[in-house]
Each structure stands twice: as structure tokens, then as C-alpha cells.
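Structures follow.
Next come two complexes built around subunit A: one with subunit B, the other with subunit C.
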Partner chain A sequence: MHTIYEWVAGPLTWIAFLIFFGGLLYRLVRLVTLVRRKEPFIFTYMSLKYGLRSILHWSLPFGTVNWRLHPVLTIVTFAFHICLLAAPIFLMAHAILFKEAWGVGWPSLPDAVADGMTVVVIAGAIFFLVRRIVRPEVRFVTSASDYVLLAIVAAPFVTGFIAYHQFFAYRWMLVAHMVSGQIMLVAIPFTRLAHMLFAPLTRAYMGSEFGGVRRAIDW
Partner chain B sequence: MKSFVPVWLAIALALLSAAALKAQEDMRTVPNDAFVSPQRPPSVFVHDAHNEAAGIDECNQCHHVYRDGELVADESSEDQRCSDCHAEEAAGDGPPALMDAFHGNCKQCHLENGKGPVMCGECHQRQ
Partner chain C sequence: MAQPTQSEAKQIVDPGIEKGAAGLTEDRIQAVINHVIQNETGARLKVYVDTCVHCGLCSEACHYYLSHDKDPRYSPVGKVKQTLWEMLRRNGRVSVDFMRRAAEIAHTECNLCKRCAMYCPFGIDIAYLMLVVRRIVHLLGMTPQYIQDTAHSHAAVCNQMWVKPDEWPDTLQWQEEEARGEMPTLRIPLEKEGADIMYSVIGPEPKFQAQLIYQAAVIMNAAGADWTMPATAGWDNSDMAMFTGDNEVMGRIKRDHYETAARLRVKRIVMGECGHAFRSVYDVGNRWLGWRIPPIPIIHAIEFYHELITSGKIRVAKKFQTPVTIHDPCNVVRGGGLHHMARELAHALCEEVVEMYPNCEHNYCCCAGGGVINCGPPWKSKRIEGNRIKADQLADAKIRGAKVLIAPCHNCHSGLEDINHAYGLGMEIKFFGDILYEVMEKPEA
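Showing the complex of A and B:
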């Protein structure tokens, strides 16, 4: 178990983070290169002001007409995404491991709060799963890969939850937790999870076009 | 019937104190009462069994003494609490914070020797 743990917590974690950051950088560079080659006119109306204005409105719950039209989805998606980011980053156990490896620490959430946020993420994943199956307009644009992606995102939280509470098979659950987290990190740049990077860029583009060209608002 | 009461009381007291002694004898965890709000259950640690398994003979392998940042080779500190030197929050370049000191003493040694628990829940076991 020592060998497995040290391998997964060491080199595998390194590889996962390198692919995650390297992959995101690659996608960003590739996006900019493609735009420059194929649609360079976009740069003529890209605007920091209109871009940020749009991002701001869409970052506020109920800050857009579309958010207000779908209140349940709005609440779930905000809760899901905030908890999805905050729980792992500010989890005490993660901060401890990082400090042991790098000597740098940061404030962390009480375990009980992170535990609650994990439940929110898992509940959100179930909501999105049911939504994909039940809502015809969502089912229409759903393919098998969407279910796989949802599973990839939910897995680190489900395994982390079981490991934290030590419900069963603790050691294997922790290994599964680390490996599933690494799979998620690696998947982000190369799947639709890349919306982590692209969503603000798309928003900035839309905001710029609506604000600077159409003279309209996009929220 | 009345005379039975003190007898039962005496037996109960005897049992209680025996239990207390027994509990002291096989203390199974590192007390975590120095933490204001401990986030995890106290770490499992059976002192004598651990040291026998790990082949630790010298007290100061764990109960070390540092003076001016230097390890004092032939002194030991088993008469003190870890928290006497290691505060919950580390100050500047003083001794490591209490939690870091515990993790450094236990987990680091386990990693270096390839033996003993290294995953959070292996020590911080929920009962």
C-alpha cells in the first residue's frame, strides 16, 4: 500500500497537474492562433469593458434574464460550481499535503463545511443527470460522453466523501479518490470540461459583440 | 436491605477506578486537546506496541529537544507536552506548528521507512 500511495500521491499527481496546466495553456494558445488565422476581425471589436460587463452579469445568480427564467437550475448550477471549486481547493487535507510537498500553506475550511459542500456537489451531479434524462430539450443534445463527463466530475467527490467518513475500504477508497481526481484534471483541457477556460472567453466575446457592435445587452 | 447499598457502592467505585487505570495503561491515541477545534479524530497511537514494532529504544527519537534550531543529541523531552514548544500557529522561524510537528514526526518517519500509516484516515480513524 505504501508503494501505491507514494506512486499515486507523487508522480501521478505531478503528471496530472502538468497535463492539466499544460493542456489548458495549449488550448488557449491554439484558440488564439485559430482565431487570428480564421476570424481575425474579432479582435477589432473585442472590448475589455463590454467583456467584463457580460461576465459580471452572468456571474451573478439571477443577474440575467436566462438565470431568472430557470430559478432552480440557476441555484443548483451556482451552488454546484462554487462548491466544486472551493471544496477541493480549501480542503484542509489537500492544503496539508500541498504544504508538506511545497512548504506553502493557505487557509482552509472546517472539515464539516467542506463535507457539506461535497454533498452539494454530489446532489448537483444527480440533478444534472436527472435533468439530462428527463428534459426533452436537454436529452436531445445529450450524448454518451456527457454521462461519462458527469461521472468523471462526480467520482472524486463521491470517493472523497466515502473516504472522509471511512464508511468502507478506506485505503482503496482514498486511492480511488486520488486517481479519479487526476482523471478529472487530465480530462478538463481536452473535453467539454474545458468550459472552465472557455466560458469566460466566450462570454467576453459575446459581451463585446453585443455591447460594441449590436449596441445591445446580452443578459 | 439497607446495608447492601454501601457494598454495591464500594464495588462500583472499585470497578470504576480499575477501568480508569486500565484506560491509562493502554492509551490508544495521541491526545488532541491542545487544538482549539480539532478537525479530525485523535490519531491512533499505541505507544509501547508502536515502539516495539518500530524498534525505537531512545525516547528522544520522538521526544526531541531543539535549542536555537539545533537538535540537542542527548536530551529528551518526554516530561513535556508537545504543545509546550509547538504552538497551534507557528510563529516566524520558531518551532513548527503543532499539527505540522505531529505530521512531521509520524508521517514523515513512516514515509522514510516505508512502514506505518501515511493516509489521513489510517491514523485519524473514526470509531
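Showing the complex of A and C:
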């Protein structure tokens, strides 16, 4: 048990983070190379001003017509994504692990807050799952991979929640938590979870086209 | 008022699609699809497909989806699923029937209006993806018959309507003669090198809407504009090849257009009230030919009329009395940001302007543009059924008093006319030019 823990917390974590950052870098370099080779005009039209203008509107809850059309989804999706990013980074246990390993630390959230955020992520994942099944326009374009991706994202939070509260099988749950977190990190660059990297870029390009060429807004 | 849409559309047979399908094999389809995907697309297609999280948020943007009681087959992403996703998933190995359906979706269930790009949180350009499908359909020779005929016309005589080289100057001189009855000194100057303005129109104007050329001539003469029209090919700014995926012909006719303006050494091209032609000369043709922006400034009629009114070159004698509402065409509003000018112009010309909602960039499409109306009679009722939401929107404006609908785009005009009749709205549809002509001070009248 102890050796499994050591192995997962040590080398596997290193590998996961290397693949995560390396993978994102690889995808970005591949994308830029492809643009240079096949569609260099994208650089011509990219505009910092209009790109950021568009990203800003879409980053604000209710900042666009479509966010306002779907108020519940908007609240859930913003809460989900903010908690998804913030909870793991600012969790005290994670911060301590980093401080022990590298000597660098950062401020962390009180455990109760992080616990609440975890619940938000899990609830959000359930909301997305139900929405996928219930809404015809979403169900129509859903494939098995969409459920798998949702499970990959939800798993570290579910296992983390169970481990933190020590409901059952604490040590095994801790290992499952780490492994599922590593799976998520590895999956991000190579699945549609890559929207973490690509969404700002596609939004910026559409914003640039709308602002710079079409003289119109895109939100 | 709203007619029930049919839950299952009846099978429509298009001779163009059938003729192309008849000679196809799966090997040929696979070769063409993979050629287009590998050689003609790049980062955009890849990232759009890899980034879409299948959330369905683009659905509410689409008038087809809204008009078909939210049938998911008509949502923007639903159309990509039924076409490109499958092609990519099966490595291009799809059946002839699949391609038949893909041709129908790309050509008759999407107007390329880009409203969905404003509803997708990631800004995925589904109109571009549908154009990729149309390109594949074109290379397979399956383009719907009527629009293919207009593309042939572009290729053969460099205009959309098979107007022969001698018929063009004839038509202009005929309209000049007609208009001289009203304004004896009026001229339609042909081939005047060094003029300020080259005025260009779309093929249907000389073919069956010659009075629009008459009106434009009166406006130009009354304003004292230094203008000209070419007597040669290159006068037509329209471009159906852009919508059939025939990029080579599209580029060739755009080059003719710009080169004609360059030959006449004009300072700018002023164009009539057409949306897709604006898109083709303002945004698409220039890119294909390698210019970031058009080599010669392109001025849409809305901008030009706005300029004439604000500069005082044309004065309004008596404002248009009947209440009007404004339709915002996708290509000049989402594609050119002319909605503010259109409103200023409408208020300058008309006594009462009733807003129609949603408006400006968020306006509902006419369901005719993007080459859909050009697919012709076989698809007409499908097109009208696919835009019930527009009929609802118009009916609402009518209840609030609007009697005249201003549609500053030819395709919108024709498509809205069909909707007007089919749904019994009883509105009158006009161009800005019609109203300007009616209310302006005519010096020699």
C-alpha cells in the first residue's frame, strides 16, 4: 500500500504534469505551425484589441446574449469552471505537498471553502450529465466520448471529496484521487478538454474577424 | 398565422444532386473528401472539430432550428454532426446517400449567416464548416441544379444571369432613355475613365429589375456624382460560385470586377443593395486573391445613400409617411456593421421607424441568402417552412404599426417576399433606393 502511494504520488505525478504541460505546448506549437503552413491569413486578421474584447464579453456571466438566454446554464458553467480551476490549485493539502516537495508555497483556501467548491464541481458535472440526456439538441450531438470526458473531469473531485471526509477506504480513495487527477491532466491536451487551450484562441479569432473586418460585435 | 411545419419533410429530388450522385462510387467520394480535408483545410477545421464540446449552445442561433420546433437535426452543430463529423470519423468513407443528404444540408439548410458564431461560446465558425462541405459537394459534381446554373453563367459570361455582352450596355442605354423622360439631362456614363465612382450591380438587375438601375441613375445624377458603369464584363458584383464551393471561378470573377474598376481608374466602387455581393467583394474574393482588404474601397448602397443625405447632396422633399421597419441583412450587418447607418438613413428618410426584434447583429436571417434561394423552385417550400420564426418576427413588427419592410439586400428581398406571401403578412417590401427615389428632391422635376 505504502509503495503504491509513494509511486503514484511521486513518479506518476511527475509524468502526468510533464505530459500535461508538454502536451499543451505540443498542441500549441502544432497549431501555430499548421496556421503558418496552411492558413497564414489568420495571423493577418488576428487583432489583440478585438480578440480580447470578445474574450472579455464571453468571460463575464451574462455578458453575452446567449449567456442571458440560458441563465441557469450560465451560472452553473461559470461556477463549475471557476471551482474546477481554483479548488485544486488553492487546496491547502495540495499547497502543502508542493511546499514540501519544492519549497514554494502559495496562499490556500480554508478547507471548508475548498470542500464547498468541490461540491459545486460535482453538482455541475451532474447538471451537465442530466442536460446531455434531457435536452434533445444536446443529446443529438452526444457520443460515448462526451460521457467519458465528463467522468474524467468529475472523478478527481468525487474521489477527493470521499477521501477528505474519510467516508470509507481512505487510503485507497487517496490513491484513486491521485490517479484520476493524473488521468485528467493527461487527457486535457489530447481530447476535447483541450478547449482549455483552444477556446480563447478560437474566440479571439472570431472576435478579430467581427471587430476588424465585419465592424460588428460577436456576443 | 404560423403554419404548422411538417414533421417529416417530403423527399425533394434535385436534378443536379441526382446527376452527380449517379456517377459516384465510395472510392471517389473518399478520395475527394480526403483531398479537401488534407489539402484545402488547415488549422481552423482541425481546431473547430477538436474544440467543440457538443454543448448545443449554438442551437438557439439558427432560424431553421427555431422554425422547426427546435428539431435538433436543424441546429448548427447538428448539421456538422450529420456531415463533417461523420466524414472525419469514417475517414471519408461515406455512401452516396450520405453525400446526397450532406449536399441537401449544406445547400438548403444553412444560409451561412454566421449568427451561430455569435452564440457559440468558443466562436466556432460553422458557416465555414458548411462551406467546406459545399466544396466537397462541388468537387463531386453534386451541386443543386439551379445554383450550379448560375455558377456556370458566372464562368461563361462573367455574370449571374446569362446576360450577353451586347445586352448589358443596351439595358443601360434603355434605362438612360427612360430616365431622361423624367430628368432630361440624365446620363449613365459608360466607360468613363478617372471617374470617382464605379457603380456595380448584380446580374438580376439588368435581367428583370431594370427599374433599379433607373432609380440609381436618377439618384447619381441628382447628387451630381462623378460616376461611371463599365460597358464590359466585370460589371456584375454578385458571386454564386462563392456559395457553390467553386473557389476558382469565384476568384476569377472577383478579379474581373476589381480589374474593371482599376482599368477605369475609379477611386471607389459603389454597389447596389445586395448583401452576398458585398460579402464577395468586401470580404471573400479579396482574400482568395491575396489582398487583406479589397484593393479598391467598396461602398455599399447603405453607406453611399447615408453619405448623400448627411452631406446634403440629396435633400429629402417630404419624408416617407408609411411606418417602416428594417431588416438587417447578415452580409452587410453581421458582415459589415452597417446597421447603425441603416437606422440613421431610415430615420432621415422616413417619418416613423418601428424596430423589429431581435435586431442589428442578432437579426434573424431571411433564409434566402447563402445561395439557398438560388437552389431554386425544388427547395422553395422547404425554405419558407424553414423560416417561420421570421414570419413571427415580422408579424410582431406589423402589430406594432410597421407596414413597409426595408430590406437592403436582393436575396433578403426575394426571400422575405416569399415569406410575406406564404404567411399572409401583407407587408410591402422595399429597398432603401426605392424610398430615397420616392422622397428626394429631384432638381429638374
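The rule is short, and it goes like this: the second predicted complex is superposed on the first by the 219 of 219 C-alpha atoms of A that agree within 3 Å, B and C clash if a C-alpha of one lies under 4 Å from a C-alpha of the other, contacts with A are read in each partner's own complex, and residues count from 1 in each chain.
Just so we're on the same page, a contact is a pair of C-beta atoms (placed from the backbone, for glycine too) under 8 Å apart; a residue touches a chain by one contact, two chains touch by 3 or more.
Nothing here was measured: the structure is a model prediction, and the numbers come from that model.
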| item | value |
| --- | --- |
| Partner chain(s) touched by A:Ile133 [first = subunit B, second = subunit C, both, neither] | neither |
| Subunit B versus subunit C as contact partner of A:Tyr5, first or second or both or neither | first |
| Subunit B versus subunit C as contact partner of A:Ile15, first or second or both or neither | neither |
| Which of subunit B and subunit C A:Ala101 touches, first, second, both or neither | neither |
| In the superposition, subunit B vs subunit C on subunit A residues touched | C |
| Partner chain(s) touched by A:Leu48 [first = subunit B, second = subunit C, both, neither] | neither |
| First, second, both or neither for A:Pro110, with subunit B first and subunit C second | first |
| Those residues of subunit A which subunit B touches in one complex and subunit C touches in the other | none |
| In the complex, subunit C residues that touch subunit A | 41-44, 46-48, 50-57, 59-61, 65, 70, 72-73, 75, 77-78, 81, 117-119, 121-125, 283, 287, 292-293, 333-339, 358, 361-362 |
| Subunit B-facing residues of subunit A, complex | 2, 5-6, 92-93, 96, 99-100, 110-111, 163-166, 170-171, 174 |
| Parts of subunit B lying in touch with subunit A, wherever the complex brings them together | 37, 39-40, 99-100, 103, 107, 111, 114-115, 118-122, 125-126 |
| In the complex with subunit C, residue positions of subunit A that touch it | 31, 34-35, 37-39, 41-42, 44-45, 54, 58, 64-66, 69-70, 73, 135-143, 146, 149, 192, 194-195, 198-199, 201-207, 210, 213-219 |
